[in-house]
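Below you'll find a set of structures to go through.
Next, two complexes with subunit A in common: one pairs it with subunit B, the other with subunit C.
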Partner chain A sequence: MTNVLLIIFTITLLYLGIAHRLLTYIKILAFQGILLFGIAFIELIEIDLANLSFVLLETVIFKTIAIPLFLQYVMKRNRITRDAEPYLPNFMSLIIITLIIISTFLLSNTIPDARISKIYFVVALSTLFTGLFIIASRNKLITHVMGYLVIENGVFILSLAVGTEMPVLVNLGILLDIFASIFLLGIFVNRIGDVLRDVDVDQLSQLKD
Partner chain B sequence: MISFILIILMSLIFTGIVIRTKSITSGRKGPGIFQPLKDLARLFKKGSVYSQTTSFIFQLAPSVYLASILMAVLVIPLGQYKGILSFEGDFVFFAYVLGAGKFFSILSAMDTGSSFEGMGASREALFSMFAEPAFFLLMGSFALLTGYTSFQQIFHSLHFGSSVSYVLMVLATYVLVMIALIENSRMPIDDPKTHLELTMVHEVMVLDNSGFDLGMILYGTPLKLAMYGGLIANLFMGDFPLVLTIPIFLGLQIAFAVTVGIIESFMARFRMNHNAQYILTLSSVSLLILLGVLLILGQFN
Partner chain C sequence: MTGLYLAGGFTIGGLLFFTRNRRYMFLLILGFLLLQTGFTIYEYAHLNTPELVFFTPDALAVLLLMVLSLISIPAFYHSRVFLISNRDHIRHRAIYFGAMVLLITSISAAYLANHIAVAWIFVEITTLSASALIYHRRNNRSLEGTWKYVFVCAISITLVFIGILFLSFSLPQAVANDLSFAALLKNADRLNLFWLRLAFIFIFTGFTAKLGLVPMFTAGIDAKDKAPSPAGALFSSALVNVGFVGIFRFYGVVAQTPLHSWVNTIILITAFLSVFVASVYILKVKNLKRLFAYSGVEHMGIVMLGIAAGGVGYYGAVLHIVCHALVKSSFFFQMGQVYRVYQSKNVYDVGDYFKYNLHGAIVLLLAFFSASAMPPSGLFISEFMIFRSLFEANHLLILAGVVLLLTVIIWAFAKNIFKLVFSPATGFNDKNLEIIKPVESLSQFVLLALAVYLGLNPPDVFVRLIEEAIHHLPR
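Entry: the complex of A and B
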């Protein structure tokens, strides 16, 4: 069953490659949160209740509800235009993400006797690289943060792969990362949005005293 | 043999069902199910007019096109019952015999010397080119999963085992439905109702055909759709007896026709320059099917 969810998760990565609107990105992030909830629930059902409920709450409340709502709020408040404005055409993005999945798959086959299940490894690593690619290829600050969140999801999957003995620390680290990124973004975007009106990475290079 | 007869029967009412669904969803009274058939009969009674600038290829192409589709229908099985032709690697034959038909229809479009038709031909070739890796990855994964290379053996030995195989079936159905729509230039890729030559794909290629030739080309569309519908239906049959397979076949075909009608009623056409990426998505999804197959086989866990 987790394999099914992981395959669907990989499809969301492909969809991320061809999405045009920022709202679609947000919906994909929320959907990834639901998928991570399912994976975490099935994978970690054996650990103690407090820990499990913490992980599940984190995936549902933070990844699925709070962050998408907050991103939507930031978009509305700063009047960010609805288009994602990638540097590359979406066609190339799709090819590159597919190549990322293929190459992580080939990479996972060259590693002998990995401690973790290979499908987790492939999905986590391709999620990481896809996030990195989205950061590198999109124009706006808010899409950078979304790419960062995708990377966080990849790290989360990787930490799920170590299974029932997952330490709380990893989890806490992830939560802190998300919190910090959103918090920073809130301050950052609000300031810049007030001065420059449009939050475009290209314009950051023109900042002067 | 049975599958051939069933597909021919289904092709007679396929477009009718699509048009009926469209008229019901848009609240019109609409034509009856047999109206496309009557139109075809009218066309088949007429003679053809050939432009003086065209060569023999233009006259040959519609026959080759229809014949290629009929050849492809020959290899479609029905569950455990073989098609008329069945041999090792017949899915490659299936893909390339359709490719040969498409090649001739492209040639005949270029033969007329019309710039519109050349444009349509170029688009059709491009979209088919992008759809082809998806089909081969899909059938290749199934061949890998079952260890056989002919349609009948593949579909006969496909069965639902683990939870992963269910998701593979859903993905495979999606990919096949989308390939069927692309190959027939139906709604999300191309609008068969459009009247502007600049935005047409398939229709613009047959602007110069008339009478009997046009009838053959128009009959190709429901035949191809019913053929792909038969392929999709085969995914769900396994080794059921004939009493079960025929209702499953007809039910899935009608469901497929209704789906096409609903898609055409409620979806807008993709922008022409975005089509390529949507078609390439199918290849990526097929690649995931391949990974899933490797997962089931335990090559990778």
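Entry: the complex of A and C
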């Protein structure tokens, strides 16, 4: 069952590559939150109840509900246009993300021992690199934040791989998740919209040598 | 005591955020400085006694803690001068001081942490408090600097976390769940090399954002440029050392495994690239603060060369990191005065500094000679050791390349500094000029003199601390 959820998660990455509108990105992020809830529930069922409920609450309340709503609020408040404005055509993005998945798949075959199951490794690393790719290939600052959230989801999957032995690492990952996303989005809500109109990276190019 | 210190530091930091009275603010800061100094002395007296499970004042931590405490006193003094001359709103002043106290507390905790995940948490807090300092001026460009710093640091901190996860995969099943450096060192020969390799790549890349090495140095440059000068002094000395501590402690573990030579190659390449990138940018920059920041990238590259070469290079690297912190922070403290005289950081707008601020000009000249590692300076001694270790490790090509690049850097650095100090400023109106009091340069003289003293005639305590910090590394 975990494998099915992880594979669906990988498919959402491909969908992320061809999505046009920012609203679709937000929906994908929410859907990923639900998938992570399922994976965490199946995988961590053995750990103690307090920890488990903390992890599950984080995936449902924070990843699935709060962050998408917050992103929508930010978009509305800063009047961000709905297009994702990629530098590359979507077809190219799709090919690149596919290549990322294939190469992490090949890399996973070189792992000598199997302390963790390889599928976690493949999905987590491809999510990580897809997130980095989205940050690099999209023009708007808000899509950079979304790319960062995708990376966070990858980290969460990776931490689930050792979740039953070291639940504290899962909690640390969640700490990072909450801290960094609130911080990034907080700056966004409070400051960037007030100082800069229609936010994209071209406006952040005064500091250079 | 560590618990007391952390509680005290965070309480004072929190109180400062809400203080609107100048006198209380002053008293709180005074209290914090006393706490910081007392804590440093206490930790030195209790070397290697773990506290609160996760904090051990080992030699490296105590050494850097001393440097931090030493720099934090002038940092608060110059911040006060800066804020008074800027006539900032009292609320902004409160945020500034609160963030600075939080920054210093979390840096100290990150030095002391003996567990890689705990160190990681405090590094995260340094990002948070540093961003408040960068944003102090509240204009377009400081917002850009803050955003870039926060974003790059968020990514780098995530990379470190991924590295920690890989590290936990590399532990053998029997000793799992203990990620303290002591346990890692003890089980170094049983770590799984595949995961350890991945872990090193991620942790190293992540910490380069703080240390200012090649892959992620950019955010640090913007931060040091946009933050007020006293905060920039802390970023370019104490905060850089946090990155060094993170990499150095983990390197100590990896050095015990068969991956040692592979890791050395990686460090050698990034270090050389850092010196190269720094020399390219230093030729081009016209902003003095960014010039100093790029010189920091160069020096960290040299430190890492020492680590990669091994032997006497380890000693040289630790000595270099201490002396660099003293010299670079005095550069930034002085920069605040330069800005007050000319209202500009651009090389084209400044000049004839000798005429307007004699003591400041002498500080700049001395700091330049120190930073370019000319003989009386401590950096000369450490750089000499590092080059010797490169020679002994047979990295002759790298050595030649670095020496060549350093020549370029010294030339470009000197060109800008001499323009600031000697050539007349074009189009500068020196009517109603702000007179800088000589006493404001005192702290820089002390720091620079200390850098010379530690290099030429290091006290026994200092040598013993450095040797203890590197004793676990293979010769």
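Just so it is clear, the second predicted complex is superposed on the first by the 193 of 209 C-alpha atoms of A that agree within 3 Å, B and C clash if a C-alpha of one lies under 4 Å from a C-alpha of the other, contacts with A are read in each partner's own complex, and residues count from 1 in each chain.
The working rule: a residue touches a chain if its C-beta (ideal position, glycine included) is under 8 Å from a C-beta of that chain, and two chains touch if they have at least 3 such contacts.
Since we're looking at a predicted model, the values are computed, not measured.
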item	value
Combined model on subunit A: subunit C and subunit B, fit or clash	fit
Touching partner for A:159 - first (subunit B), second (subunit C), both, neither	second
Partner chain(s) touched by A:72 [first = subunit B, second = subunit C, both, neither]	neither
Which of subunit B and subunit C A:206 touches, first, second, both or neither	second
Dominant contact partner of subunit A by residue count, subunit C or subunit B	C
Touched partner set for A:111, first subunit B, second subunit C, both or neither	second
Nearest-approach distance, in Å, of subunit C Cα atoms to those of subunit B in the combined model	16
Residue ranges of subunit C in contact with subunit A within the complex	117, 120-121, 124, 128, 131, 135, 140-141, 143-148, 150-151, 154-155, 157-158, 161-162, 164-165, 168-169, 173, 176-177, 192, 194-195, 222, 225-226, 281, 284-285, 287, 290
List of subunit B residues in touch with subunit A within their complex	163-164, 166-167, 171, 274, 276-278, 280-281, 283-285, 287-288, 291-292, 295, 300-301
In the complex, subunit A residues that touch subunit B	1, 3-4, 7-8, 10-11, 14, 18, 89-91, 94-95, 97-98, 101-102, 105, 108-109, 117-119, 122
Residues of subunit A defined as touching subunit C within the complex	110-113, 115-116, 128, 135, 141, 144, 148, 151-152, 155, 158-159, 161-162, 165-166, 168-169, 172-173, 175-176, 179-180, 183-184, 187, 191-192, 195-196, 204, 206-207, 209
